[in-house]
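We call the chains A, B and C, going by the order they appear; numbering starts again at 1 in every chain.
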Amino acid sequence: MRKKFNLLIGIVLITALLFTLTGCASKDSKAVYPSKPVNMIIAFTAGGSSDVQARVVEKFWKKEFNNQPLVFDYKVGAGGQVGFTEITKANPDGYTIGGINVPHIVFQALSSQATFKTEDFAYIAQVVKDPLLLAVKKDSPINNLNDFIAEAKKKDGKMNVGIVGPFTAHHVGIFQLADELKIKVNPVIFKGAADQNVALLGGHVDAMLGNLNDVMRDLNNFKILALADDQRHPWIKDVPTFKEQNVNFKADIRRGFAAPKNIKPEVLQKLREGFKKICNDPEYLKEMEKIGQPAAYLSGEEFEKYVQEYTVNAKSVIEKYGLK
Amino acid sequence: MFETLSQLMNGFAIALAPQNLLFGFIGCLLGTLIGVLPGIGPTSGIAMLLPLTTILEPTAAIIMLAGLYYGAMYGGSTTAILVNIPGEVSSVPTALDGYKLARQGKAGLALSMAAISSFVAGTLSLLGLTFFAPNLAKMALQFGPPEYFALMVLALSVVVNLSGRSLLKGLISGFVGFLIASIGMDPMTGVNRFSFGNLNLMSGIDFISVIIGLFAVTEILSNVEENAVDVYQTKLTGLWPKLSDLIYTLPAMLRSTVIGFFMGLLPGCSPGVTSFVAYDTEKRISKNPEKFGTGEILGVVAPEGANNATTSGGFVPLMAFGIPSGPALAVLLGGLMMYGLQPGPTLFEKHGDFVWAVIASMYVGNVILLVLNLPLVGLWAKLCKVPYPILAPMVLVFSFLGAYSVRFKLFDVGIALVFGLIGWIMKKTDFPASPLILCLILADMFETSLKQSLSMAQGNPLIFLSRPISLVLILIALVLAGFSIYTRYSDPKKAAQMMVESE
Amino acid sequence: MRKANIIVASTLLALSIFIIYQAKKLPASIPGAGLGPGVVPFWLALCLAFLSALLLIINILNLDKYASGQISLNRQELISVGVIFLTLILYMIFMEYLGFGIATIFLVTFLSKRLGNYALWKCSLLGIVVAVVSVQVFRNFLSMPLPTGFLGF
């Protein structure tokens, strides 16, 4: 009974502590941005990869931004479209920013049910570039890209390749890759990387076009055939790129941050500089490696340029493969 | 085996350290509260507490979040039994019999049996998690899209048994549930269905708002007239179960543990599904199936045991492959990632202390929850005595908070309201609500796995019959559904009895 | 009950025909995605149409043995339900413009007064207590972004 009583006191104390912690908003100094907490819109569920990455940024945020906290706001739904739309429609006072994903925003902006355009964002920075890769199960008879091509030819279009889709880098990528390799495969769409990985491990699909971030969780169970990037990645040094094997295939998923387009230029500048500092902090890079997300900083201008280029590219790809 | 045991003992040493014990307790307590509040489930609970992980050390934080998850399963039954408003999806079947028991003055018995069943099932399935996790995880991998589809068909065969008087009305209710689920973006083609350009509809209708509407709001609307209020004047009898009650329910607890645990191994099988299946199983094998729906204690024990077993089962794929088996565990996985703890086999190698401490804390947590919940039974049961006009507005406020917590949009509150009215009409016209809920929960996986399977087989539907596991599951489903329909029509006397009493 | 069944069945029949029509309008499949988006809803709606037509016919021909009972519904109950439902809609609107706390005070006070007919001060006290507690716990402790309205409560 006594012990329980002590526990009770403990809980009351902790609750009280938490109340005070949350109640202590810092004093504002008017002129400098930010003078109050900044809202961070996350378009995917709490605990998802986008959220986890943004939480790492949060750890370094206060140092760069006047000691003001970030307030997370999850606007989940329709493959991120709800949250992305929410960012473009927010008050452009600099107190609402959000996480964006490429190519998600590009495909959604090109879709017939678009609710925003890629020009509606003011790009702050790119923080992650997660390259795609072609992987099979550890005990699969396929050992390299040539085996994969041979197997696909043998199965004559009936080889199942798991992708995360639809209208994603994977979905478009599988068509491009099949074209490059001059083979036919049968894509099977999964809702997320988790289902896709299970299906591969259980042998329900023959191969998968996945992400570096997702296979990092369980490298021992996969055999990675090729990486869709310019250079090999330091985390998987012995995996060759497609380029090394004379296949012109490059694809990735990128995460970044953006604000609504009409934001004041000086505020945007402040945000871009702050993110630049955060992204070059060695401590931050260490944290990113811990969460298994390949950090790759691009400034807001470069990121915007990349999105524009990608959009042009995507338009022709969508037309070519009839993905409308 | 011995090695496992010694690691588990080490885990206990860490889990019982005062700080971890305290956070485990806080997790369990918050979980119970979150479970009790209608609509606010473990998913939003964990999500809301996730920021705390930035200040706590990993072991304590994950122990707390895990405690919150299975604590919510304990708490979900409370309001289901007392006021016919399930605190979680997984407690929807509990309400069917639990509320009847409460009306008969046996709220105490129902509540304490729910807690005991949760404890038994939770602890037993933890043993499964402790000793067989890697092997079991391999077994779960045998399930590909066709097997999931077959499993969904099996779960759907439950609908036949959930339809009260009229099978026709039960089926209609189920199909409506299915169609509600198809609103929003189709996960396989990215096309928006029935959303008419509305961004809120594009993200779909969340089943939490539907449940809050059909149960909480409907319950209040149905009780606006005085006549329903005197329910709460019934004298409370038998707060504690007798030994005979325990002996009577023990087999059901064991069966639902097995069902809940093994289904819980499969990613995508949420506690909401397994508790329905466990309820149905008990009803099928019972000698007196007509008693179900009239206040049968087995109808409380089975779902409550199953949902707790499922929570432990769900940790198997999470720890073995880093694959969350449901939304709540997906958020928990995010918590692990924030600490840089990559789940998967390497987690056991690199952070063995941590993993075993969390597993050990779950044993401790189950004891804490039992100790926490049994004394509360008396208190909760007294809640029946709170005058209805005071209780009702509070229930409504918390329900709305629950609907709002899904996406932080008033749209979801509106959906709950609309379904409150629909539920009231359904109640008046004798349409059962549980088939709608069940189909709504299952629809997404049903459609996704159907499409994936057909895509895997280039459109050939024979894939479901050519794979042994899916063939067996589909056959079982057909036999069960056929059997229920047969008894419904071949034995009119029993059927009639069932219909009169299952009111 | 028979009349109610007929009304519900015809509504559902109309609804399912509308869904069939809408599902047919959905675009055909996209490459690599198997069945198109409209296929499953189409078949579901078709089944629903069949079942509700069945219910309609059974009740028109008066073959439904369970439909004999009278539905317990009187004017007074209908009014009470309508009032509560309207209150809840108002609650939602209030929540958006006045803030969660104030809307909650109004709702709880009004409902406990209407359902229980206690003294007004008791009802408003209950309202204030419920509002303050839920704002403290959900907005301040769990940092749930509850609507604040212009008064910030």
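As a convention for this text, a residue touches a chain if its C-beta (ideal position, glycine included) is under 8 Å from a C-beta of that chain, and two chains touch if they have at least 3 such contacts.
Since the structure is predicted, the reported quantities are computational estimates derived from the model, not experimental observations.
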| Count the touching C-beta pairs: is A-B or A-C ahead? | A-B
| remark: Most central chain, judged by mean Cα position vs. mean of all protein Cα atoms, is B
| request: Just give me the whole-number Å value for how far the CA centre of chain B lies from that of chain C. | output: 22
| task | For chain A and chain B, let me know how many angstrom lie between their CA-based centres, rounded off. | result | 31
| request: Calculate how many whole Å lie between the centre of chain A and the centre of chain C, each centre taken as the average of the chain's C-alpha atoms. | output: 37
| For chain A, what residues touch not just one other chain but two or more? | 73, 165-166, 187, 189
| note | Where chain B touches two or more other chains simultaneously, the residues are 51, 188-191, 408, 451-452, 455
| query | Which parts of chain C, given as residue numbers and ranges, touch two or more other chains? | reply | 30, 32-34, 143, 145
| field | Contact set on chain C toward chain B in their complex | value | 1, 4-5, 8, 12, 16, 19, 22-23, 26-27, 29-30, 32-38, 40-41, 44-45, 47-48, 51-52, 54-55, 58, 64, 66, 71-73, 76-77, 80-81, 83-85, 88-89, 91-92, 95-96, 104, 107-108, 111-112, 114-118, 126-127, 130, 134, 138, 142-147
| Where on chain B does chain A make contact in their complex? | 22, 25-26, 29, 46-47, 50-51, 54, 141-145, 184-185, 187-192, 197, 199, 202-204, 267-268, 317, 321-324, 327, 330-335, 337-340, 342-346, 407-408, 448, 451-452, 455-456, 458
| note | chain B partner, complex, touching residues on chain A are 7, 10-11, 14, 45-49, 51-52, 55-56, 58-59, 72-79, 81-82, 85, 111, 113, 115, 158, 160, 165-167, 186-191, 194-195, 197-199, 201-205, 216-221, 287, 290-292
| Which positions of chain B touch chain C when the two form their complex? | 48-49, 51, 165-166, 168-169, 171-172, 175-176, 178-179, 182, 186, 188-191, 193-194, 217, 220-221, 224-225, 387-390, 392-394, 396-398, 400-401, 404-405, 408, 410, 413-414, 417, 420-421, 424-425, 428-431, 447, 450-452, 454-455, 459, 499
| Where on chain A is chain C touching in the complex? | 15, 18-19, 22-23, 71, 73, 163, 165-166, 171, 174-175, 187, 189, 321-324
